[in-house]
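Each in structure tokens, the structures are laid out below.
Okay, so subunit A shows up in both of these, paired with subunit B first and subunit C after.
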Partner chain A sequence: MKTICFITIAFMLLGPALSWAEYDYIDISNPFLRKIPVAVPFFKTAIINDAETQISSKAADLLSKTFEFTGYFKTIDRNAYLLAPNNSDIDSPNFRNWRSIGAELLITGGLSVKNNTMEMELRLFDTFKEQLLIGKIYKGKINDQRKIIHRFCSEVIYLFSGNWGYFNSKIAFVSTGSGNKEIYICEFDGYNPKQITHDSSITLSPAWSLNAKWIAYTSYARGKPDLYIRHLTEKRGAVVARKGINSTPAWVPGKFSLAATLSFSGDQEIYLLTGTGKIIKRLTHKRGIDTSPTWSPEGKKIAFVSKRSGTPQIYIKNLDSGRIKRLTFEGRYNTQPSWSPKGDKIAYSAMENNESNIRVINVDGSNLVQLTNNAGENESPSWAPDGSLIAFSSTREGPSRIYIMTAYGTDQRRLLTLSGEQTNPDWSPRVINK
Partner chain B sequence: MKKKLWISLALLLVIPGLLFTVSCAKKAVKVEPSAVTEPSEEPAEEKVVEAPITAPTEEEALVAAKEVAEEEERKKEELIKEEEVEAVEEEKVEAVEAEEAKLEEIAAKNQFTYEDIYFEFDKSTLLPMALDTLKKKAEYLFDHTYITAVIEGHCDERGTNEYNLALGDRRAESAKSFLVDLGILPTRLTTVSYGEERPVDPRHNREAWAKNRRAHFVIE
Partner chain C sequence: MKKSIYARAYLLQEGGNDSNSLILTFTVSLICHIIFFAALVLIPGFTQHKKFFPSVVNVSLVTLPPQRQIPGPGKQIEIKSDKQVTKRKKTVSKKSVKVDQKPPKAVSVTPKEKKVKISLKKKTFDSSKVIKSAIKQIEKKVEKTRREQLAETLERIKEKVEKTEAIERLKKKTEKDVTRQASRIPSEVGDAGADRQIWDITQIYKLEIAYQIQKNWAFSEQLAGMRNDLKALLVFKVMPDGEIRDVFFTDRSGNRYLDESAYKAIIKSNPVLPHPKGVIRPYVTVGIRFTPEGVK
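Moving on to the complex of A and B:
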């Protein structure tokens, strides 16, 4: 009898012990449920003077905020820290102290400023393993602070998830602050919004190209909906101004070509165009509305909206085989599909009872989930380049604003607030080699 | 015996009496021409009644001629006056008609521009009332062959901007093809879709939505 008890107890103890050996930092089944607690004390400064202290606190704050933006982490309130900032060793911290306040990760930073240049050391530690995970030294101008912090965050995310995240990416959107619908861009966290069109008419549907170099959008600058393809920094581009509508641009991933809706033939169909606006070929061939294309990450399939079965629904076309398959069967109005850069899911706007919500469905049609509910009109989903977050527009507060949420619908928060109303966000691909 | 006698006596008197009243015709009045035809005895008093048969004297002739001339003058002046009055009247009528025509023209143009055609939610098919309105617009276009128009297609705010841009396009084209089928040259009509971007009623209720689902005509 006793032996049986001992053996069962031994097995029960063995089980968990086996799983202690290795663990993933981020649970891929729902990585946003449990947020990893991180401590980010103020950075140590070489000299204790005003300028450096200011920079150091700003940098530490930006780091905390950016970690929280990802949805994977939560930063521990600095009031809980046991040691005064600037007092601990940045390269060999007292892990026990950090563990005791609940931190599983610790980031220390060191800063020194000379004239206009700055040197920043950043280290990521695992407090339980008492290990240095990432250590980097960055050199740059004082104004490069954000870039440096973002580069470090990319390294952290790459370590944990295997992809580089979105810290260099931008979001484009439409805003009516100037009195008309114009295109604006901002950084992925809402920082530094800028107006980039000044057409004083109506602009719609911005779409970023590879590396966020070009942006395509529809504008009524010439009195009708034409498609503009514009280089962001150099003054060059093309216009597609055929008869009818020229709308819904969607760049082919990794290529200088895009799909768009053109109706010059008398029917609204999707065409493949070069980056200079020339038609390569026609992609849909059915009478009735076909619009709003979105590409799969390898560029071999498109999801689009079609009214071919009577109500607007989302279809997927394999461009190699030509096969078309209907994706959505729930609801009578499903539009604005956006294909996740991970390739497995499609987010879209579903309107039911005059209320619009964001839904996500697997590419094979399974696992339909609705991510917003009872919160005004939620439309126009756009995935972050690593597929972990979704930007969308919401009228839950009254005027339409850009919101961010995780791919699972958690952590819904407003990105930024400008005058007027903000709609139609488009999240750029990652900007490499900045 | 006495009765029979009286009766036969009465009959004897009555029957011939009847005969006499029937057969006697009225005495006709004999016309005696000699009494009427004697005007030469009193010519002065009878001049007014009849034109004198006898030849007038020179003086008399001059006076007569003068009077005739004056009469004619008077008649001419009267005629001219009448014509003038008529002309003025005509001018007035013309002016009024011109005013009316102008107003009609403005009304027709306004009707063309302000009368929109409406659609059901998520549809671009033409409703019967829309067909009637379009026929009126066709008439206007036939009457004014130099006019070209832009047909705008609009949607209500529900649904997404991109889809509504396509739907507005279909609505404008729907209206255009009906007019082309009626015989209007397609080169006279251009279509533009505004999707949900230019609502005519900014409210968020069914009434506003119904007003916004429209095709609108603009004279170029």
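Moving on to the complex of A and C:
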């Protein structure tokens, strides 16, 4: 009896293993294409007229560009389509046609415009499973086209990766376009840059609050580096103008307070401040410069730059235990740390052999990777809210510009071109529009 | 009633009819289980799920107030505004002061012509020398980088070519051997030597199929979170004309995106090369293990 039981259990446990063992497997570990091929034909319009056709083709182009921007997708050239790009079926496309040109995904769209109101229908298909993955109808003003496209892209990214991406985020940066160092903001893809400070002096280190409604920065508007905390749409704000330096703000995740470097005590130390500029407590207590704080996503640790060991290096402080550990040992000049939104990595700027480059290191000090190489001075890394991209400034083309790359250093490209030089990018959290 | 409870309680130790009925029940149950598990193990074929078309969802966007835009280079913009910050000094600490906004100003984003200042240094130092040394340095740097990159690329290409040539050589040799053996001693085709050759041809054929599938594998490791611990195992049959049939997973990775990309790579490769000479099976079974290794 016991034997029967034993054999049964053994059979149950070993059955699947035995079935796998009967095949010889060949390993494939190197995908030929590292992006998903996707086809985006022009959207169909309800009425065929010039205005709607133009909006349709613009919308389809924007969708293609936004997909390419992610670094995950490769849009297929419309010249390769078997059908005319403006003649695809929205509801039930001929999947075989799309498969034969290598498209794994297909996005079809329809558009109708009435009295400045637009209705856009977007569908994402899996051409191999011949299955509709996402289908949405959006209604809005014609000006909302970008917003509609970005919202659809968010849905697609969420389907594949489980996070909503960065399509509702913005990037703040410093630009000398007006003749002075002023703070500008633009959308995540560099669209619509706007100047937000007009101090006619030196403005530095912009930092977004968690809801992206507040921005903190350092300005020399009063002749010395003071810390400005400012609401972007309402007329509210505060200035921290203590003696000495007031700089490098970093908002605490989930709270209306921030860490910043103040030197009124004679030594540059990091303090925790309220959103109105009052000091809550001092976070660092070591002689020597402590500056550039960045928070871990849960707000329990800060990484900062300190010269306590003789050269500027990055340290991590656990605010609960008060324990401090040195993170960087490679190189003699490591600054501008930026903690990844996932919490596992820190990007920073490392100067070695008279060249600044962006490096990424695990918070336990392992897996140090240099992401830029032989491409001018690369500084001020800042993570996208989903941790998939990094914005940074680089002088690879002469004047300093804002660039972005994937978190692994691939797909490095310029974000925008403006007059003057652009530095100090700071990527905002994802703005949730309800 | 009491007796039956007693009887059930000591079933395993009692002989006679009760024991027989237990064994019968157990045997029937065992057979059912075996059939069930055998069916699970032996027929795990890839069943196409019923197509599910989610209904289209209506989403209405709320329009936000229009934003001011900066026109492209070459245009002047006027930035209105603005006392951006009110006099809420009461809420700020003693040392905090309100933000003073300066009156609006027209700002241009067009490139400004910069005044060229001639420094004293320029008058005194030899610019040609500086330029020469800078060029020299850049040349040295470019040369070094290029050499390294070139060497790496050449090495990679060399490896690839060697691999392909080795497969080709082996394939030709095995095909020749099989043909020779078959023509010399037809009666002995089924002997150990010939079997070995056929086995070799089949293995090479499988490698070729795997290579073809790899060329059709599109997978973004970053989209899968750069996990290099994932693996998807698929098995399929290749008919004599190269048609791929009965694709099924023997082990899924747990990452839907990797599983789907692996499946698509196989379907995209259909049909593969027909069976080579010497393979006389009704079909060849191929197993592929997809394991992304991360961005290099």
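The working rule: the second predicted complex is superposed on the first by the 399 of 434 C-alpha atoms of A that agree within 3 Å, B and C clash if a C-alpha of one lies under 4 Å from a C-alpha of the other, contacts with A are read in each partner's own complex, and residues count from 1 in each chain.
Going forward, a contact is a pair of C-beta atoms (placed from the backbone, for glycine too) under 8 Å apart; a residue touches a chain by one contact, two chains touch by 3 or more.
No experiment lies behind these values; they were computed from the predicted model shown.
In the superposition on chain A, A:Asn116 makes contact with neither subunit B nor subunit C.
Looking at the shared chain after the overlay, A:Asn79 reaches neither subunit B nor subunit C. Of the two partner chains placed around the shared chain by superposition, subunit C is the only one that A:Ala238 touches, whereas subunit B remains out of contact.
When the shared chain is aligned, subunit C comes close enough to touch A:Lys194, but subunit B does not. Between subunit B and subunit C, it is C that contacts the larger number of residues in subunit A. In the overlay built on the shared chain, the residue A:Leu132 is in contact with subunit C alone; subunit B does not reach it.
Looking at the shared chain after the overlay, A:Gln268 reaches subunit B, while subunit C stays out of its contact range. Against subunit A, in their complex, subunit C makes its touches with residues 12, 26, 30, 33-34, 37, 40-42, 44, 51-64, 66-70, 73, 79, 83-86, 88, 91-93, 95-102, 104-105, 107-112, 141, 145, 206-207, 210, 213-223, 225-226, 233, 235, 250-251, 257, 260-261, 263-265, 267-268, 285-293, 295.
Interface of subunit A with subunit C (complex): residues 1, 4, 8, 11-12, 15-16, 18-20, 23-37, 71-73, 99, 102, 104, 121, 123, 126, 128-132, 134-141, 143-144, 147-148, 151, 160-161, 177-179, 192-195, 198-200, 221, 228, 230-231, 235-242, 276-279, 374, 388, 406-410, 418-420, 433.
For subunit A in complex with subunit B, the touching residues are 181, 202, 204-205, 218, 220, 223-225, 244-245, 247-248, 261, 263, 266, 268, 289, 291-292, 305, 311-312, 333, 335-336, 349, 351, 354, 356, 379-380, 423-424. Every residue of subunit B that touches subunit A in the complex is listed here, in rising order: 122, 158-163, 165-167, 169-170, 173, 191-195, 197-198.
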